[in-house]
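The following blocks contain the structures, represented as structure tokens.
In the two assemblies presented below, subunit A is common to both, partnered first by subunit B and then by subunit C.
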Partner chain A sequence: MSVATPRSDSSTTGASADPVVEALKQHFGDQAIREQDTLTGLPVLWVAREALTDVIGFLRNMPQPFEMLFDLSALDERLRGQRHGLPDADFTVFYHLLSVSRNRDVMLKVALAEGDLALPSIVSLYPNANWYEREVWDMFGIDFRGHPHLARILMPPTWHGHPLRKDYPARATEFDPYTLTVEGQDKEQQALQFDPEAWGMRRGNDDTEFMFLNLGPNHPSAHGAFRIVLQLDGEEIVDCVPDIGYHHRGAEKMAERQSWHSFIPYTDRIDYTGGVMNNLPYILAAEKLAGIQVTSRAETIRVMMAELFRINSHLLFLGTYLQDLGAMTPVFFTFTDRQKAYEVIEAITGFRMHPAWYRIGGVAHDLPNGWDRLMQGFLDWMPKRLREYERVMMENAIVIERTRHIAAFNTKEALAWGVTGPNLRATGCDFDLRKQRPYSGYENFDFEIPLGANGDAFDRGQLRIDEMRQSLRIIQQCVDNMPAGDYKADHPLTTPPPRDKMLQHIETLITHFLQVSWGPVLKPNESLQMIEATKGINSYYLTSDGNTMSYRTRIRTPSFPHLQQIPMLMRGGFVPDLIAHLGSIDFVMADVDR
Partner chain B sequence: MNWLTPQVVAAIVAMLQAVVILLAAVLLGAVMTVVERRLLGLWQDRYGPNRVGPFGTLQLVADMIKIFFKEDWIPPFADRTLFVLAPGIAMASLLLSFMIIPITPTWGVSDMNVGLLFFFAMAGINVYAVLFGGWASGNKYALIGAMRASAQTLSYEVFMGLALMGVVATTGSFNMRDIVDAQQGMWFIIPQFFGFCTFVIAGIAVTHRHPFDQPEAEQELADGYHVEYSSMKFGMFFIGEYVGMVLISALLVTLFFGGWHGPWLPPFVWFALKTGIFLVLFILLRASLPRPRYDRVMSFGWKICLPLTLINLLVTGAVILLAGPA
Partner chain C sequence: MAYTLTRATDDAVAADNARYPLSERQRAEDPMKQQVHRNVFTGKLDEVLNSAVNWGRKNSLWPYNFGLSCCYVEMTTAFTAPHDIARFGAEVIRASPRQADFMVIAGTCFIKMAPVIQQLYDQMLEPKWVISMGSCANSGGMYDIYSVVQGVDKFLPVDVYIPGCPPRPEAFLQGLQLLQDSIQEERRPLSWVVGDQGVYRAEMPSQREKMREQRIQATELRTPDSV
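== the complex of A and B ==
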């Protein structure tokens, strides 16, 4: 690789040395596996469509298998100019598999021609492929043979066209003005009516008629515009069908029309409780493409703010989780704490929920004078509050009775459904990217990864309280040992370039002008960065075609598979259990629909 | 003025008393809505409604104006008769129960020999309000709420009656004034402690207050049985709940805390003070507890409370038999 990858990538090596690639080549022959050199930090292998199921099956069942389908999406290649040495393709579907036991990934790519957009479904190998394949069908119009219910998932059922195709317009001005007639409205509403037969459900059995209860998209406990249709026998849930897409804003499509720099604020709004945490994977992936090595001060500032937002997000989780269990008071207390955090965030970034504060090559500005005193105030405030929440709520008999052994799943099930983050660690699986694949300097910090044992709704709640303590520990180390130096890297692609230099040198002024008006131009390549976000693993997979904007930005969010798992857990549960589980997942719909 | 016989005067005074008590009960119920919000605010580190009038005292007026002028909507899919009837029952059944409460030695609407039984009857009728409301709304959430309400009220009314039988057995009367007078020496809270515990629980359950607000469980059923109600019909359910709260508090005072009895202060002040403490307790419970699962509420009632009341009744009976003349 010509461009140095950031050192954070030490754990995932390039394709050539990978034993998995060797094993695949041995089994399927050298011709069947074609490697692509990328900056993703994982082996990217092209396989033929006919061999796909066998290759995935091989990886799924090998010793130390790839337990998780991490991501699955596609790419419209038809307008891509810089494809040197890649197989001919109009569309590419990629499968990102993850092995927790090996702590390694592999990405498989399949080339498809426009006239024959079909692939075999892999739902039988990875159950969470179900929604991902539906998303690819919805967005690209690629058919998956053998899929149990290949219907639109993000767009309304009445939608025409496949939005992520390159020939699908991105801007409202390219469409006719929107109108909705009475007939059109009736048609739309008709289309939203739930049809149990379409999902293979029965309306009743021999002695009972089931009730189909439409929970959401407006419901106090749905945590946003989320709809789940329950098939009820009394209050017992026989089956349920989650319905998403009500919060879909087309963030991935927008990324193809925004400069590398101006897309940053959109990332803030993916997991809207995560603030600058969302910037991190995008920025890190873009820096890999640009070949920027940021200063250790910038890295430490990023870690500090990301961890502060983790606490902020977990506090929101804790308040709403307990509120879903019927306790009305804790949410007001956690919001008091969040206000304290926001005071620090506001002083440092100048903004509250969505600071969009990280920049390609650093952060927006340096820490203000006295930031450490403010932060220390927050660090001193939190521990006794966390203890109080534990004492008053997590040790409360009703809370325990509502959450113990409710919606419990084990590590194997979690991996099969693509569950990551605290929800995975609640099952006892020690997989935290901050430890397993440190990025942005996490290897320099001293902290622990709290683990659960039962994987139930209680563990998911308690674990997040423990995680907040560890985040406080990390922030304390940032406060005590903040490195000196620049907050932006001295690199031509740092955007915007450091201002003090811009005022001195004509060259920097020109670069500044170009980068602010057009945006930086990143070399053609592909890069990927995963981070341990507030709710699980969040990753950005960027494809650059050597332009001022991304050719394709794939945003893998943790909440999407977490919601997909709900029916498997809730069958046989009661309505209040579903509410407790929804509270314990910690999802926001923006993070699901993007 | 020869028609102004003492009987007529007594009748007029009794009627005026009844009207005053009725108005006071409704007004207190309404005021409680604001008091609850202010108290919750206090405990939750926030203000609550504090803008209308000094310290938010006129919030009630603003709320009333708002709720009276809201659109009174009956869903087209609702059963009109039952839909309109339900809030009326909710309000009336609880208000009527105030009849039996002796407030001071001279104040009180009716001095019935079947006092307590009348309350049980009214509490039983109160279930129909929720049941009709939930059924007539034609809404699935309302239906589940109504189903929960009827199951919960049925199970809790069983031992609510039994919880008070100890008091009745000790006094030897269902008459509320007799019960109060029997507590001159010692309040029934001491000999009838388990009766008190179970009656508090049953009382909260009957008024659908948190943590027994299963029929409306906001987080689960999005307000349950009254989800389709608006304007004053909702208002009647809403005020009815607070009237129920006042009623249960007043009953607790009468049955277990000596009613108006107490040193130094006038009887009415004692009665009001004691009732106020229980009202605050109701609100404190709501502020502090999570909501148990619906089926656990049922099993708690049948498996713990019911046996407890039965044992309490047995012990009370044994004590009376042993202590009494053979």
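== the complex of A and C ==
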């Protein structure tokens, strides 16, 4: 699949110059498309509810189409103070579309009034809209007409209210303390019972009666609190229904009451194997809002640590992937390597899994003396291990037999389901944001993007070994060419602000004090940053209302669409294939439910 | 030593509005004392038997393969070669609650997940123990949010709390050893026909208080300027 060359104008501000916007205006008329000026770097267009399906259909079917529905969520506008020039709205639903062939995005927004919270569903245009629309219904109570099964997805079926509405309390301590009674236990367990009819499933056909097998929410192969109900004919999967929401920590709501700075530790825990990798999109989006340009040393340190966490996450993947295929030993080997990585991570950041080490405007502190020796030790250790994994595991006949042509999909299907990251590249699609839309100085590094060919469970495993090699290459370049200079930008909104400035006179001391106690105030605007995270594309879409806290933080995680795609792949497969596929997706539930 | 006495209540006879944890708890004196008063020789025998059984129990703890979030990664790290939990006889990880001796609540306890956790706990056979691993399971931690139960002890009886977000694998191993120490002191019926059928759990000293003296001795911390 061909992919457009990288854009040079990474911060597109003149949205009207965008050929897609021009085409839309030509087709629907100037009045139908209303542009909003933001810091997101992509055209943000308001369209009327009536025109929505046509506009999305137009973008979906134009030459070099927008193949992927990247994100879909909503915003409760009712308490937003700074809305100059925006259409009247109580709620806004936004659709973020991505075109791989154009390497461009477009965001559509629809204004809704409180009394009439309904929209046409776009499931027929983008199959992955299904879960996103269910999430918007669950979190905001917005109805999608024509949706095949608009039920709660993150909250339990017995839940009352829509948590991301501004009038819904955030804290658990604002509610009555949690108690579980015998009666309540029975009721909740009843509510979790799977009802095939509700999902339009038959209990049998003329010859056989189907068996419904409940896998999860606690199953050794489910990688956390994930449940999938299988409709089985013997060992063949007729259909299946993934059930998520057992790991919903309300991170998006949490962002609405944490300062810009104090939300950073929560990002670490989104993709909890990715560590500081998660800080990166949030920090970069916040820096866009603040207008901070970080030093090249800070950028390089960030890239180095992010890549180290990529290796760490991929090692965990490799161990558990092979364990799911029945190999007990690899997990002991890869965790030994992870321990070696943690020794470096701990020496540099002071923590293992969730260092929360990046700061708005830089990183928490400078690299310690002797870091390069430690890092070099890790870089020297890894290559022979990777070769060994390849030799022992990926060339193993059983592994090949279990994974070749299992749960395979092509690029077109991947894009239609919103699949990104290594799982997309395993289909042969060369789309890696580090190359296509370089951020944080990735354009300065020399590395390659490994690609698969078959898009099957084997390629997804092999690709990650190749990716680790490339990450080692990037880290080596960081070690060899670490720029000198400051680890933090000299900017008034950098958190924490530079201390030596504070010591000079009272005015800066007051500003420093307010910044440390309340946190920085960011100007009202919207910004968005996507990065190539460990599991796919992770993005943070921040809306500031000119406050010390975010008005809305939308976290788009890669694992959410990856799980949604499972039924499409598994129909007609066998139960062991499902286990092999679950192992090859590389997901963690916090990255799905947030 | 003072003890907390737990008498398990039968689930089938529990009233509908009864709250978990179902078992009744009360403070009690060491039941051994009565035995010793009755006969000094059988008293000694009882002690020997009790410690022998407890020694066996504490050194072959089979954990239930149960994980919720980030803490589970650190828990599994403790199972792998660099930390090697087999040194403490607790490496036989079981995928079925019916075969497991203890359950580690490793991660955030969600309101949607709580009934499932309760079900799995109920399926474990006595003797069984619970370790609460990490801030979320201990108290909700940094997630004071609508979807999270503020500590798993709102409905499960917890034996050991491990602080951290997430705790290091070493901290998990220490928690396991604390559980073992507590099991050594426990008084359980030696048989379903011998003696009192209650479970007497020893009140173990809080580590925070025990370590305080030593901790406040530290006045200077190492700077992060060098590795």
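By definition in this document, the second predicted complex is superposed on the first by the 569 of 594 C-alpha atoms of A that agree within 3 Å, B and C clash if a C-alpha of one lies under 4 Å from a C-alpha of the other, contacts with A are read in each partner's own complex, and residues count from 1 in each chain.
In the analysis below, contacts are C-beta pairs under 8 Å (C-beta built on N, C-alpha and C of every residue); 3 or more make two chains touch, one makes a residue touch a chain.
Quick caveat: nothing in here was measured; it's all calculated off a predicted structure.
Trainee: Taking the superposition on A as described, I'd like to know which of subunit B and subunit C A:I142 touches: first, second, both or neither.
Mentor: After superposition on chain A, A:I142 lies in contact with neither partner.
Trainee: By the touch definition at the top of the document, which applies to A:E235: first (subunit B), second (subunit C), both, or neither?
Mentor: First partner only.
Trainee: Which chain, subunit B or subunit C, is in touch with more residues of subunit A?
Mentor: Residues of subunit A touched, subunit B against subunit C: more for C.
Trainee: For A:I398, using the defined touch cut-off, is the partner it touches subunit B, subunit C, both, or neither? Pick first, second, both or neither.
Mentor: Only subunit B; A:I398 stays clear of subunit C.
Trainee: Check whether A:I579 is in contact with subunit B, with subunit C, with both or with neither, and answer first, second, both or neither.
Mentor: first
Trainee: On the A-aligned overlay, A:L325 touches which partner chain: subunit B = first, subunit C = second, or both, or neither?
Mentor: In the superposition, A:L325 contacts subunit B only.
Trainee: When the two structures are overlaid on chain A, which partner does A:P368 contact: first (subunit B), second (subunit C), both, or neither?
Mentor: The second partner, subunit C, only.
Trainee: Check the residue A:P177 against both partner chains and state whether it touches subunit B (first), subunit C (second), both, or neither.
Mentor: second
Trainee: With the two structures laid over each other on chain A, which partner does A:V123 touch: subunit B (first), subunit C (second), both, or neither?
Mentor: Neither subunit B nor subunit C is touched by A:V123.
Trainee: Mind working out whether A:P220 is in touch with subunit B, subunit C, both or neither, as first, second, both or neither?
Mentor: After superposition on chain A, A:P220 lies in contact with both partners, subunit B and subunit C.
Trainee: Quick check on my understanding: which residues of subunit A belong to both its subunit B contact set and its subunit C contact set?
Mentor: Touching subunit B and subunit C on subunit A: residues 220, 332-333, 336.
Trainee: Along subunit C, where are the residues that touch subunit A in the complex?
Mentor: Answer in residue numbers: 11, 14-20, 22, 65-70, 72-74, 76-77, 80-82, 95, 108, 110-116, 118-120, 140, 142-150, 154-155, 165-166, 168, 224-227.
Trainee: State the interface residues of subunit A toward subunit C in the complex, per the touch definition above.
Mentor: 154-156, 163, 168-173, 175, 177-186, 188-189, 192, 217-218, 220, 224-225, 245-250, 253-254, 265-266, 269, 272-273, 316, 331-333, 335-336, 338-339, 347-348, 350, 352-354, 365-366, 368-371, 373-374, 588-590
Trainee: What residues of subunit B sit close enough to touch subunit A in their complex?
Mentor: 40, 43-46, 140-141, 144, 210-211, 217-222, 286-296
Trainee: Contact residues on subunit A for subunit B in the complex?
Mentor: Touching subunit B: residues 211, 213-214, 219-221, 235, 322-329, 332-333, 336, 393, 396, 398-399, 401-402, 574-577, 579 of subunit A.
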